[in-house]
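For reference, the structures are reproduced in the following blocks.
Here chain A shows up in two complexes: once beside chain B, once beside chain C.
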Partner chain A sequence: MKFIKGLNIVRFPSRWIFFRFDDRLLLISIGALVGSCSGLAALALNRGLIAMFEMLGHYRHLWWAFIMPGIGAALSSLFLEKIIKEGAGHGVPEVLYSVSRYGGLMRFRSSFSRLISSCLTIGSGGSAGPEAPVVMSGAAIGSNIAQLFSLNDRQRVALVGCGTAGAVAAIFNAPIAGLVFTIEVIIGEWSALNIVPIAVASVFGAQVSRLLQGNQIAFTHLQFNIDPGDTIACLGLAVVTALVSILLTRALRLSYRGARHIHLPIWVKAAIGGCLVGGIGFFLPDVLGEGYHSIQAMVEGTFSNGLLFVALLVLAKILATSFTLGWGGSGGIFAPCLVIGSFTGLMYHRFIEMLWPGIAWVNEGCFALLGMAGLISGILQAPLTGMFLIVEITGGYEVILPLILVSAISTTLCHSFEPASFYMKDLVEKGHFLRPRTDARVLADLSVSELVEKDCIIVTKEMKLGDFVKIMQKSHRNFFPVEDENSREFLGLIHLDDIREYLFDPLFYETVFLEQIMDTQVRTVGLDDDLSAILDRMDAGNLFSMPVVANNQFVGMISKATLLDKYRNELIVQTNH
Partner chain B sequence: MRLQLKEMAAALNITPNTVERWIRQGRIPVRIKENTCIFSLPSLRKWADANNLTYTPPGAAVLMALKEKAENLHIAMARGGVYYDIEGESVAEVIRAGVNCITCFDTQGQRQALYDSLLAREELMSTGIGKGVAIPHPRTPLDYGEIPAFISTCFLKNPVDYQAVDRLPVFVLFLLVCPSSKSHLHLLARLSFCLRDEEFIQFLNQPPASAAFFKKIEELDQRFDAP
Partner chain C sequence: METRLLHIFRNTPIGREVLLQSMYFCKSIGVHPVIYIPEFIKFLMYFEKDVVQIDLDDSYLIAPETASAHAVEIVRSQGLPEPNFIEPKNFTASTLPDIPVNFDFMCCPRTISDLSSKIGLGYIGPRVRRIVHSAKFPVLIVGTIYKPWKSIGVMFGGSANAINAFRLGVRISRLSGLPMNVYTQLGKHSPDYYKDIIQKNDLTWDMEQYVRNWEFFDSGEFSVNLYKVPHDALVVIGAYGHGVIKEMLFGSTMEKVQSILPNNLLIVGPKYQAAM
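Then we have the complex of A and B:
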């Protein structure tokens, strides 16, 4: 008994006197733990990928190597589908969905499932990135630690953010990018309450990564000397990266849709997609895997191929990524974006060199780097993430001016073609994308049962108007639901406005029954109806209130007046912290 | 502090579902254990203030409801008092004499204001409602701050021609002064219920002693409240 009590003290740290005063300290401490754990998860995937590459590297040149990505994708799809029983998908939309709809509630198995499946897909050569899987793992770790400590939704969402921040910070050794990505993409709310624990988690994630694999910058580069001319040239690059971003988004979606129309077991589709990728990779090995080696070569300026070949690589990588992810492989879009971005930058550099051979352009590595920022910003529609990530993974602060330009313009252009970013598109279409402090969020949180007013006086259909007038005197409401005396079934509604002119004529009192004057064509709502749909119905019918009916019985009325009251309360409570 | 979920919801004037959801989402400084809300009162009050809500302790709400219900005719009448042998030959004179009797006021200024307002109402139309009864009241509710609604009963020495609806001379005034139109209607409805009773009019015809008068009013009050 004592042991259980002791266990409870550990399980409910929010009840400790120390934390009761303010949960910020609690969130910071648990956030540090979550950041470290998700950092470890990220490193585990990183190590796993390196091991897979080394193991399979010897067979790459053999003629049958093209089936390796197929086998990997099939295995990963089977693993997710049969063993873990989770759908495919790259992870970030799943995290966003859980944060939007379920206060960050995630299953425990999500904390490792994507690590294994994406390791199989990418390690075997599939064109995808390890970031989204570690983001999902980190988020699931945060969510499960929050559940272990019995924290509430708000705290859980903050810890999910801690998990993603720790994971991104660890895998890129980029603490600020981890923080910014989490706030900009996952949480969507810039408040100190979230930022502080997430920043701490970022620090811990990056620290774990530095402890275990050293403080290395992912892509080292030469010194860049950027002239104003280069900055102007970047405007063109921004347009090109935006176009490539849109192309990639559309190609991915097309590939998803195409795969959905083919009626084959999901793992067979994954295998076919993987083999296609393997086929492309056989001729253009740069498109295989996460592709960080080619990025390194481009940033250093040692990538020697010509303009047409690089343009071909851009298209090939887009195709390979679509086949990998669209057909059921498991992995993220982040790394392919970086690769495609650097190819795009390089392509653009070759192109302007060809047009104006006389001008001394800055090193091509700089353009590769800017291309990455443009693509990340365009695909995620998160300009800050693009800027900070590229600055951190390349250690190239001197490119910040063109970097900001490219990120900003690319985001804006993509936004005008694709209003919702790649991660959010599906959620927006299904109405599941609920950012904090928005109308949709408030309406989704309020439920009909919280708004229903139950002080209506229920009358029966056999009642005479004379008796009804007496009842009316005691009521605060203009609506009187009519129900069957025996079955209590809702029959209709009497609205005072409709009968007011007859109320003062005593002749009616003994001759009219309520059955004769009630409105039976009244539109009703159920207890589980979505509030925004109810409001649409009210607007369409020009109604101010509607009866709530459950199981054929009257529950109460829902009115716009009360809704405004509760809506305002909810908005204040949600935004006031 | 501990409160049941329902009490908590009532104290904040929101539904229990909302309280439960806010606790789950971590929007309110309260935690819940098997339907019991556990919280610290100062931090909850602070939170309620910051969020445009009011926290009314469960006891206070019951007390307020009781107080509101207790505002019956006999209470208002006891507050106003009963006065006999009011002198005067005209409407203005009897009203002046009646106002001078009222003990609820401290200053002459308040009396004068009431008198002016009562006369203004009489000029509009007589408040003599027939059967020898008049209910002088101010044209608009008078708010004297601390003074709650009261009715002063004034039995006249000599019946006065009040230009009542039935032309009968008036022998009793019910001076009705209320701080709000709501309480005005509330008390007027009860008074009108009494005056419809012929027996009560007969009872008033021979000015009763104040104890007997209040007893009768209390009785009628109860009859009014009976379903």
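Then we have the complex of A and C:
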């Protein structure tokens, strides 16, 4: 009995006296746990990828090696569709969707499924990154821990953020990038309530990474002496990275759409996509896998290929990523963005060197870094993430000035052509991207059934005007729904403004029936209709209220006044957090 | 506000029987049916604090071109108005629709994820259990042959969920006009203990008004005593309890009832809030 009582206490930590004092303490404590768990998940994927590369590395030079990414992608797809039954996707849009629509509720299976599937895809040579899978995994860990401790929606969303931050911090050994990415991309709300636990989770995620694989930065830190001329040249790089970002975004979408029109089993499509990647990789091995070894060479300035070859690599990596992800492989676009970005930076450096050979430009490694920031900022439309990630994974602040310029300009240009980022585009198009405290979010959190006003007096079509006048005197409303007496079917509406001419002439009282004067062309709304669509209809028809009808029966009225009242209450609830 | 029942339709003979039973329930207590004809093999139900993925048995996707017409035909055969069909608006992934959960009842067979050959006494599928655990609505679990019921039987063991089950039984008895019986297996407590619980919950009037017979099983095994429950009764029972351990278990009484009674079951979960 004592054991069960003890379990009950553990299950509901929000009831502890210590946490009742301030629930931020609760979020910080559980956030640390979530950050550590998601950090471990990220490391597990990292180790899995290393093992896969080592295992398959011996066969890469063989002629049949091109089918390896195909087999990996097919196994990954079969695993997700047949074993885990999850439904494919990148991961990050699913996390955004869950945060926007369902207070961060995520399935338990999501906490491990993408780790395994992306390990199969990337480890076999598919062109994708492990970051989106670890983001999904970390977010699902946070969500499920929140469910275990019976936390509310707001706390659950914060823990989803903690999971994301811990995972990103661990995989890049970059705690600030983890925090910034989570707030900028996933949560979209810069409030202390979110930032503090997410920062703590980020620290714990990074710490787990440092404990288990040492405090290493992803790429070697080099000193760059940047002149004003280099900074000016970066403006051109920002334009180029923006264009490449748009090209990558569109290529990915085109590839998705193309694959959707091919009527083959999903694992066959993944296998075809993988084999195409393998084919490209056979001639250009730099496009295979996550591709961090190429970035290392470019940052160090040891990547010796010429301008045209690097331009070819940019296109090849874009194609390989589109075939991998668009055709059913599992993984994210973070790592491909970094690789394409560094190729773009290098390409740009070679180009300006060719144009102005007399100028002493900064080392090409610096442009590779800036290119990475430009691509990340452009694709994600998250400039802060781009800046902090590059600063942390290269371990130096020397490039911060051009970094800010490239990130800011690339984001702005991409936004002009693609108003929503790659992660958010589908959600925005379907109306599922609901940031906290926005009009769409407040309306989405309300439902028609909450707003229905039921104090209407229902009348029948056979009623005489005289009888109606007596009823009308008892009501404070201008609207009277008309129903069929037997079937209770909604027939129309009497609006006092429309029948005023009859009301003041007693001659009509015994001769006019409501059927003759009711409005039968009434625009109605249903219980499941979206409030934003209802408001649009009200605005279009210059209406202040509309009848709610379900199964041809009158339910009540919905009015702008009540909507405004509830809207305000909901907004207060959301802003008081 | 109208009360609504969610039904996941399977366009097979067994699906027909389940829908017939479901529509009989709707007709007897005036509930409007809302039918979902699955287009994909899986869907999600987002409850307040849990998300449940339902991986359907393949037979749910059989003959989609006739599914809607068959469903309407069955609904009309019970004299009910045209049903509403769910068209999913939200998708977690392109092949993973989210089904709304704002219903008053849901009807399903004993298992919806496993092959229909598994449907039988003593087995309630894991997804159905998850729904019962997380939903605010009670779940009507029906047999494989349509059989109208003639009375309501409530299993009352004195717990909070049993109180909810009793309240629901009263509501159904009141709306359908069918007589109601209550069954209690006496363990270490006397009948007065249970009567006291009813009194403390202000249910004495309902007990007198709607309950035809309150049967106390004072001797013998509960499983043996269940023989006294009429074959044509709708059995209302609570599942899962409150507390860490009880929230994980379906409940020993519930397990016995579902293993022994072939009757249609209306199961009240821990999140259900009774309306009289």
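Keep this in mind: the second predicted complex is superposed on the first by the 571 of 577 C-alpha atoms of A that agree within 3 Å, B and C clash if a C-alpha of one lies under 4 Å from a C-alpha of the other, contacts with A are read in each partner's own complex, and residues count from 1 in each chain.
Operating definition for what follows: a residue touches a chain if its C-beta (ideal position, glycine included) is under 8 Å from a C-beta of that chain, and two chains touch if they have at least 3 such contacts.
Keep in mind that what you see is a predicted model, and the values were worked out from it rather than measured.
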Query raised in the report: Superposed on chain A, are chain B and chain C clashing or fitting side by side?
Result: fit
Query raised in the report: Is A:528 contacted by the first partner chain B, the second partner chain C, both or neither?
Result: second
Query raised in the report: Thinking of the overlay built on chain A, is A:87 touched by chain B (first), by chain C (second), by both, or by neither?
Result: second
Query raised in the report: First (chain B), second (chain C), both or neither: which does A:258 touch?
Result: neither
Query raised in the report: Taking the superposition as given, does A:279 touch the first partner, chain B, the second, chain C, both, or neither?
Result: neither
Query raised in the report: Touching A:432 in the superposition: chain B (first), chain C (second), both, neither?
Result: second
Report task. Give one of first, second, both or neither to describe whether A:107 is in contact with chain B, with chain C, with both, or with none. Result -> second
Report task. Mind working out whether A:573 is in touch with chain B, chain C, both or neither, as first, second, both or neither? Result -> first
Requested in this report: Mind working out whether A:236 is in touch with chain B, chain C, both or neither, as first, second, both or neither?
Outcome: neither
Report task. Determine, under the contact definition given at the top, whether A:301 touches first (chain B), second (chain C), both, or neither. Result -> neither
Report summary line: The answer to whether chain B or chain C touches more of chain A is C
Query - Overlay on chain A, chain C to chain B nearest C-alpha distance, Å - result: 6
Requested in this report: Indicate the residue numbers of chain A shared between its chain B interface and its chain C interface, in ascending order.
Outcome: 447, 449
Report summary line: Per the touch rule above, chain A residues touching chain B in the complex are 14-15, 20, 23, 103, 151-155, 445, 447, 449-450, 566, 568-569, 572-574, 576-577
Query raised in the report: Where on chain B is chain A touching in the complex?
Result: 14-15, 17-18, 21-28, 31, 40, 50-53
Report summary line: Residue set of chain C touching chain A in the complex reads 1-2, 32, 41-42, 44, 46, 49-51, 53, 55, 81-82, 84, 90-96, 98, 100, 102, 243-245
Query raised in the report: Of all residues in chain A, which touch chain C in the complex?
Result: 4, 7-8, 11, 85-89, 94, 97-98, 101-102, 105-107, 109, 147, 150, 430, 432, 447, 449, 452, 527-528, 550-553, 555
